[in-house]
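Okay, so here's the structure we're looking at.
All chains are identified by letter, namely A, B, C and D, in their written order; residue positions are counted from 1 within each chain.
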Amino acid sequence: MSTATVQKRGIVERVSKSWLYIGLIGIGLVSFVRIITDTNDLTAAGTIRAAIIATCPILAAALGGLWAERAGVVNIGLEGQMILGTWGAAFFTYHYGPWVGILGAALLGLIGGLLHAIATISFGVDHIVSGVAINLIGAGVATYLAEAIFSDYEGGGPRQLNGLEAPAQITIPGVSDLAKDIADQHWFFVSDVAAFIQAMTTNISTLSLLIFALVVVSAVVLWRTSFGLRLRSCGENPQAAETLGVNVYRYKYIAVLISGALAGIGGGFLALVASSGFSTGQTGGRGYIGLAAMIFGNWRPGGLLAGALTFGYTDSLRLRDTQSVHSLLLVVAIGLLAFAAWRAYRRQVRGAVTVAVVGVAVMAWFLLTDAVPREFTVMTPYVTTLFVLALGAQRLRMPAADGAQYRRGSAG
Amino acid sequence: GGSDSEGGSGKDKKAASDDVCKTADGDGPKIGLAYDVGGRGDRSFNDSAYAGVEKAVADFDATCIEGEATDDEAESAREDRLRNMAENGATAIIGVGFAYSESVNAVAPDFPEVNFAVVDGFDPDDKANDNVAYLGFAEEQGSFLVGVAAATKSKSGTIGFVGGVNNDLIQKFEAGYTAGAKAAKPDIKVEVAYIQESDLSGFGDPAGGKAAATGEFDKGADVVYHAAGGSGSGVFDAAVEAGEGNWAIGVDSDQYLTATAAQKPFILTSMLKRVDTASYDFVKSVNDGKPLTSFQVYDLKADGVGYSTANPEIKDLQADIDGYKAKIVDGEIKDIPTKP
Amino acid sequence: MNRFNLRAVGLSLLAPAIAIVLSIIVTTLVIAAVGSSPGEFWSTMFEMPKPRLRVDILNQTVMIYIAAIAAAIGFRMGLFNIGLEGQYTLASFAAATFAGAAYLSGFANVAASVLVALVVGGAWAGIAGILRTTRGVSEVIATIMLNSIAITLVGYFLNNYGVKEGNSVHTKNLDPGSTVGGFSPFEDRDGEIWALGLIAVLVGVGFWVLLNKTRFGFDLRASGQSESAALASGINPKRMILISMVLSGAVAGLIWMPALFGGARNYGTSFQAGLGFLGIAVALLGRNRPLGMLFGALLFAFLSVKSNDLTFGTDVSPSIVQITQGVAVLAVVVTYEVVRRWRTRLEQRAVSRELAGPTEVTA
Amino acid sequence: MPSAVDAVQLRGIGKRFPGVIANHDVDLTIRAGTVHALIGENGAGKSTLMKILYGVQRPDEGTITIEGKEVVLKSPTEAIEAGVGMVFQHFMLADNLTVLENMVLGAEKLHGIGDGARAEIRRISDRFGFDLDPDVMVEKLGVAARQRLEIAKVLYRGARVIILDEPTAVLVPQEVDALFANLRELKDAGNSVLFISHKLDEVLDIADDITVMRRGTTVGTADPRTATKHELAELMVGSELPSPETGESTVTDVVELSLTDITLTDEFGRNLLTDVSLDIRRGEVLGIAGVEGNGQAELVETIMGMRIPTSGTIRLGDKDVTEWHTRKLREAGIGYIPEDRHRHGLLLDAPLWENRILGHQTRPPSVKRMWFNRKGTWFKRKNAREQTRPPRVGGMWINRKGARKDTERIVRDYDVRAPGIDTPARALSGGNQQKLIVGREMSGDPVLLIASHPTRGVDVGAQAAIWDHIKRARRKGLAVLLISADLDELIGLSDTIQVILRGRLVGTFDPSTVTPQDLGTAMTGGEAA
C-alpha cells in the first residue's frame, strides 16, 4: 500500500519536476546565449517585467480556456469575453476604482461565459459556432457601449476611456534590491534568475500577482479537491459522472462562467495595468493566443504558464529590442538541435532528422545574418506556436469529452 | 448616444454630444465631414478636423453633416458616404484620412459643383480633378522641432521614438524627429520602435505602446515621442511610470490638453498637425468662392505643423526651437529627410 | 410520408424565422438600453435602399457568399477553417500583384490572376491541412496563427515592393484593359454590379453539385459526419482533410476578385478586410446550405451597407449591426438545435409506431 | 433482519418516451440476499427499468420501495443514498483518470480523495479479490478489470442492492466464473443483486429468482432450479430459441483469403500482431476466439486495409493485396460488418439510403458513370447490366435513384424495421441498424465477409436472421472471417476456430468437438487442447 502511495506522489512529482527541468534548462540556454552573444537585454529585469505584463492577459485567457475545456466545453469565445472584460474594467473603474473595476471585468466576461454556457450546455450548440458568435457579439457590444457611454466621460471618447486608476503596485524592499545587485553582475544563470526575482518583486502590479496566483489556485482546485475532480470528470466522461451523482450541467456551467470571468480579468488587465485605458480592439487577438497557449501547455496549468510566458516573452522582446530577437534565433537553434539529439537517443530517427534539419537551418540563419527583419519579429509568436505544435501535437492529450455534446439522462 | 448623461462631465472637455452639426442652422455653405475610423471624439485627427469645421461654422454661418467610417468597411461605403453628403446639399466635403483618396476620386467627377478635400490624400490616377484639394502636411518639419525639444531636454543623451505602424507616413515622423534631434545634439542616440509592422491595429494598442516606450526608457531614453495614434496613451503611461525627469511628446493635436491628470505633467509638448487649420482654410476658400484644389502643403510656413507650448516646462526651450523654426521657414534648413 | 416532409420543411423555415425575430428583439433592447430610439433605427434600416446601395448590397453579397462557401466546404468536412481571412488577404495581394505586373493582357490576365488567387489561397490553407494530417495540429489553432502571419507577410511585401503614392502603399495598378467592370442597372453614378460576381454563382452551384451529386461530395460529407465510419468505408480521411482544406482556401482566394477587377484596380486602401470572418458567420447562419447561405449573405450585406445610413438619420452607432449579426448567428444555431431535437423526437415516434404496432402506442 | 423485508419492490412502474411505452405495469420483487435475474429481448425495457431504479430516469407512475421504505428517486445521488448501486450496460469510466479517481468520484465525502480512499479501495479489493491498484490509469485496464472496477465502485458507496446490466457480455467463461464467485460472496455478505443477461445458461447458473420482461412489462417469473433455456426463451420471445448450428460443411478447396506471417507494430515499436498466418477457403467460416483487446481489432483493420502490416503478405484470391487500401479491397469484394456499428458502420445522422452508399461509393447502384470512365472511353450503360458482379467503375456521380431503390430492397429482404428510407440511421434501434449493415455488406455478392461481433447486443429474433444470412451466403461460396465474443455463436457457425492471444494465433480447434470451456482456457493463456 505504501509503495503505491509513493508511486502516486511520484507521478505528480515527475510531472511537475519535468516542467521544472524544462524551465531550468530553458533559463540556462537563454543565459548561455546571452553571454556568448553579449545581449544582456535578453534577461534584463526590464525585459522580464515587460514579458510579465505581456504574459498576464494571455495567461488569464489561457486559464479561462483550461477551466472550460477541463469541463468539456471548448471556449473559442475567450476573445469576445476578454473584450467585454476591457469594457467592464473601464466602466467600473471609472466609477468605483480599480478593484471594483477588476470585478466588473470579471462580471462582463462572466456574462459572455454565461451566453456560451447557455448555448453549448443547455442547447447543445456546437461549441466553436457559439464561440464565434460570442466573439462577434463581444466586439459589437463593447464598441457600441463605448460609443454610447464613454463619449461623455472625462478622458473618454467613442473608442477610448483613458486615465483609469491602476490597481496598486508593490515592491518587496530587501529582496528587490538584493536581486538587482545580483542581476547586474551578469553572471551565468544566477543573474538571470535574480533578474526574474527582481522583476517579480519590484513595482509589480498586484493584478499580475493575482493572475499568477490564479494559476496555482486553479491547479490546486482542479487537481486536489473533490470539486475539481467532479469538474474534470465532466470533461472526461460526463455520462459516467452523471451516473455517480454528479450534476454535470451545474459543473459545466460553473466552469464556463469561471472561464469567462478569467478571460474578462485578462481584458481588465489590458485596460488597467498594461495601459491605463480602454480602447476598442485593444485585445488584438490575445484571447486566441491564450487558447493556443493552453493547447501548447497540454491542458495543464504548468504547461499553459510556460506557453503564455513564451508568447509574452517573444512579443515583448520584439517590441523592446529587435536585436535580441536575433539572439533568440540561437536559442531556438540550440534548443532544436538538443531536442533532435534527444530524439535520436530515443531512436526516433525520422523525427530526429526533421528536427535537426530545422535546427541547422535556424542556426544558419543566425550565423549568416545580423538582424531579423522587423516584419519577421512580429511573426515570432505565431511561428513559434506552429513550430511547437508541429513538433509536439501528438503528445498532447485533451480531455476525452472535450467539445462533445452532453444531455442529461443520456447515461446508460 | 444622445443621452445627456452626467457621468463624469469634465471641466475642459466638451461632451461629444454637444454637436455643432446638430445645432447649426445658418445659411452659409454646407460642410460634409467624413471621418476616418474612430470618428469624432478620438482626440486626434478626426477631432482636429471637427475643430476646424466648428470654427468655420461659427465664422461663415455654415451648417454641417457628418459621417464616420467603420472597421473593415468596403470602398463603396466610403463612396456612399460622400455621395450622401453631396446629395444632401453639402458644397464642401472633407474626407479625413488618406483612405478617402480613392473614393473622392470616384465621386468628385459626378458632382462638379461640389468641392472636396482629402486630408493626407493623393490623386490615385493621372486625371486631375479640378474640384478636389489634397491637404498634405510636412510632418517631418513639425517632428524636427519636437526632435530639437527632445534632444535639448534630454539629460541622458538618449531619446526615443515609438511609431504605431511602420509605414511611410509614420517613417516621416521618425525621420524628421531624428534629424531635429541630431541638429540640436549631434551625438544624441535615438531608440526607435514600431508597435506593428503593417497591421493597423498598431494604432489602437496602448499596451503595445507602453511596452515599447518602457523598453526605451529602460535603455536610458528620457524623452519619447510617439506617432502611434490611440496607442500613444500607453506611451504617456510609460513616461508616468518612468517617473520625474522623463518625458513624452504627443502628436497631431495638443495632447497636453486632453491627457489625463496623471499624464499631463509628463507631456513636454506635442507635434501639432493642424488638420483644423487645413479644414478651416478649405471651407473658407469655398466660402470665398475660390475653392482650394490640387495639392496643398501645410508646412511650418503655412502654420500647418508646429509644436505646442501648453506645458510650462517647454518655456525655456522655446527660444531654441523657434530658432530652428525660423531657419526652416527661411529655407536655411532644407531637405529634412522623410525616410529614416 | 408526404406530410412528414412538409412538416420538415415547415420546421426548417421556422428556425430562421424565430432567429430573426430574436435578433430584432435583442437589438431593440440594446438600443433602448442606452437611451436611443429603436423606432428610428428600424425605420432607417428597413427603408428601401437607394439604387446605388442596392448595387452595393449585391456586390457585398457576392463576396460574403463566396466567403461563406469557402467556410462551408470546411464545415461540411468537420473542419473549422478560421483562416479564411489570411487566405484571401494573401491571395488577393498575390493576384493583384500578378495582374498589375501585366505579364498577360486583357482577359487572359484576368483569368490568370484569378488562377493565382486560387492557387495562393489553396496553398496557404494547405499548410494548415498538412500540419493537421501529418502532425495532428488542430486546424483551428494553425489557421489562427497563419492569419497573423499572412497579414504580416502582405505588409512586408507591400512596404518593400509596393507602389508608394502619397501616404499609401499599394500594388501596381491594373491595366485598364484588364478590368472587367460590370453592368449598371441604374444610372452610371450608382455603380456597377461586378461582372465577376458571376464567380459566386459558379461557386454556389459548384458547391451544391459537388456536395450532393458527386461521389467526392459524398465522401466529404461522410468524413465530416464520422471520420471513423469514413475510414472503414474506404475513404482516406487524411486525403479528404487536405483536399477540402485546399479547396476551402482556394475558394477563399476568390473572395475579393470581383472587387479587384470590378473597380478597385489595386491592392491598397480599397482592399476590404474582415470578409473572411463574415463568411464564417454566414456559413453558420445558412447552415452550410447553398441557398441558406445566399439568404444569410444577403442579410449580412444588407445590414452592413444600410448601417451607413444610420450616421445620417439617427444617433444609433453603426456598430450596433455587429451585435445584430452576432445575435443572429447565435439565435439561429440555438433555434435550429431546438427544432432538431423536436424533429428527432417526431422521427423516433414514427419509428416506434412502426415497431410497436398500433395497440402499443398512445399519443 | 432483511429476510423479513424484501430488498426492492417495484409496483406498477410505467415509463413513456415520446410515442413509446418503455415500461408499463412493471412489478418486480427482489428478495434480500438473493441474485435476481431479469431477462427479456432487446428493447423489452430492462435497462429503462433499471435506470428508473437507479434514479437516472424518473417513472411516470408506480412506486419504488427499498428495504421496506417507499422512496422517490430524483437522481442517482438519491438512489446511492438509498443503498442502490448500478453497473451499466456500457462501461462508465473515465479513461484518463486513475482507478482511485473513478472510484471516489461523486462519493468524495465518504473517505476523502486521498489516502483514506486509497485504503478503502484496497480493503474492498482484498475482500473480494478484485486485484485493483488505485493509482493506475483506467486506460491501462483490460475489460475484466474494468468490470471489477465498476462493481467495486458500487461497493465503495456501500450499496446493498447491486444492479448489473449485462455484465458478462464482454467476459470469457473463466472471467464469468470469477465474477459469479464475487457475486456469491456479495450475496453471502447480505447484498442483493439484480442481474441482466441475454445468456440464459448464465442466468440459470447464478440466479435465485428469474423475472421475464416482454414489450415493456413483466410477463412472468421462472424458477432457475426447474426451468430450461427453452422455456425461458419462449417466455421471452414467444418462440423457439434459434440456434447458430450450420449443418453440413460447404468448405471448398479454393483459398479466398490467405495471410502469411503478418506482423503489425505500432509507432512505439510494439507488436500488435505477430506472425499471423491463416487461410480461409470459399464456403468456409473461420472463427476467431479471443479475449477482447488481444489483436482482433487490429487483425480486422489490417485485412481491411485500414492499417498496413509491417511485414508479411495478404492475398485475396490470386492477388497480393498487402498494400491495398480499404477502398480497393472493398471493390475487390470484401464485405465488412464492423464491431462498433456506430463508429465504423453508419453515418448516424444520414438517411438510410445514404448509409446504403457508404462503403460502396464506387460501385453501382450507388454511383453512375457519366461522360467518361477512368480509361477515358465513352461509358456504355449496357455493359454494366450484363456483368454479374457490379463492375468497379469509379464513376464520379452519385446515383440517387439506384441507391434508394436498393435500400428499399434491403429494408424488405432483411426486415429492417423503419418508417422509410429517409429516416436517419440514428432513429433505428441497434438490432435494426445491424440488419441494415448486414444487408448492405451482403449486397454486391462479396467474396469475403469480415464479420466482427455481428450479433452483439442484438435480440434473438434478429440474431437468427443474421445467422441465416451468413449461412446462406456461405453455402453460395462466401468465405467468412467471424470474430465473436459469444462462444456459442462462434462454435455454432464456424468451420474452424482459431484462438488469438496477445496478437498471436495460439491454437486451432474443431468446432464440432470443442467446448466453450476449452476455448476459454486457450483464450486466457491456459494450455491449448
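Descriptive notes on the structure:
Throughout what follows, contacts are C-beta pairs under 8 Å (C-beta built on N, C-alpha and C of every residue); 3 or more make two chains touch, one makes a residue touch a chain.
What you are looking at is a predicted structure, and each value in this text was computed from that prediction instead of being measured.
Remark: among chain pairs A-D and A-C, A-C carries the greater number of C-beta contacts.
Between the Cα centres of subunit C and subunit D there is a gap of 44 Å.
Distance from the subunit A centre to the subunit C centre is 31 Å, each centre being the mean of its Cα atoms.
Distance between chain centres (mean CA atoms), subunit A to subunit B: 36 Å. Among all residues of subunit A, those that touch two or more other chains are 147-149, 158, 375, 378.
Along subunit D, no residue makes contact with two or more other chains.
In subunit B, 1, 3, 71, 166, 197-199 are the positions where the chain touches two or more neighbouring chains simultaneously. All chain pairs that count as touching, in label order, are A-B, A-C, A-D, B-C, C-D.
Residues of subunit C touching subunit B in their complex: 34-36, 52-53, 56, 59-60, 151-152, 154-156, 158-159, 164-169, 173, 189, 191, 259, 263-264, 268-270, 272-275, 304-305, 307-309, 311-312, 315, 317-319. Residues 47, 50-51, 54, 56-57, 75-77, 80, 86, 88-98, 100-102, 104-109, 112-113, 115, 118-119, 122, 133-135, 153, 165 of subunit D touch subunit A in their complex. Residues 1-3, 65-68, 70-77, 79-81, 83-84, 88, 98-99, 101-102, 106, 110, 120-122, 124-125, 134, 136, 166-169, 197-199 of subunit B are the ones that touch subunit C when the two sit in their complex. Interface of subunit A with subunit B (complex): residues 44, 46-47, 49-50, 53-54, 57, 94-95, 147-149, 151-160, 162-163, 203, 270, 274-277, 279-282, 284, 316, 319-321, 374-375, 378. Contact residues on subunit A toward subunit C in their complex (touch as defined above): 76, 115, 119, 123-126, 128-130, 132-141, 143-145, 147-149, 158, 285, 288, 291-292, 295, 373, 375-376, 378-379, 382-383, 385-386, 389-391, 393-394, 396.
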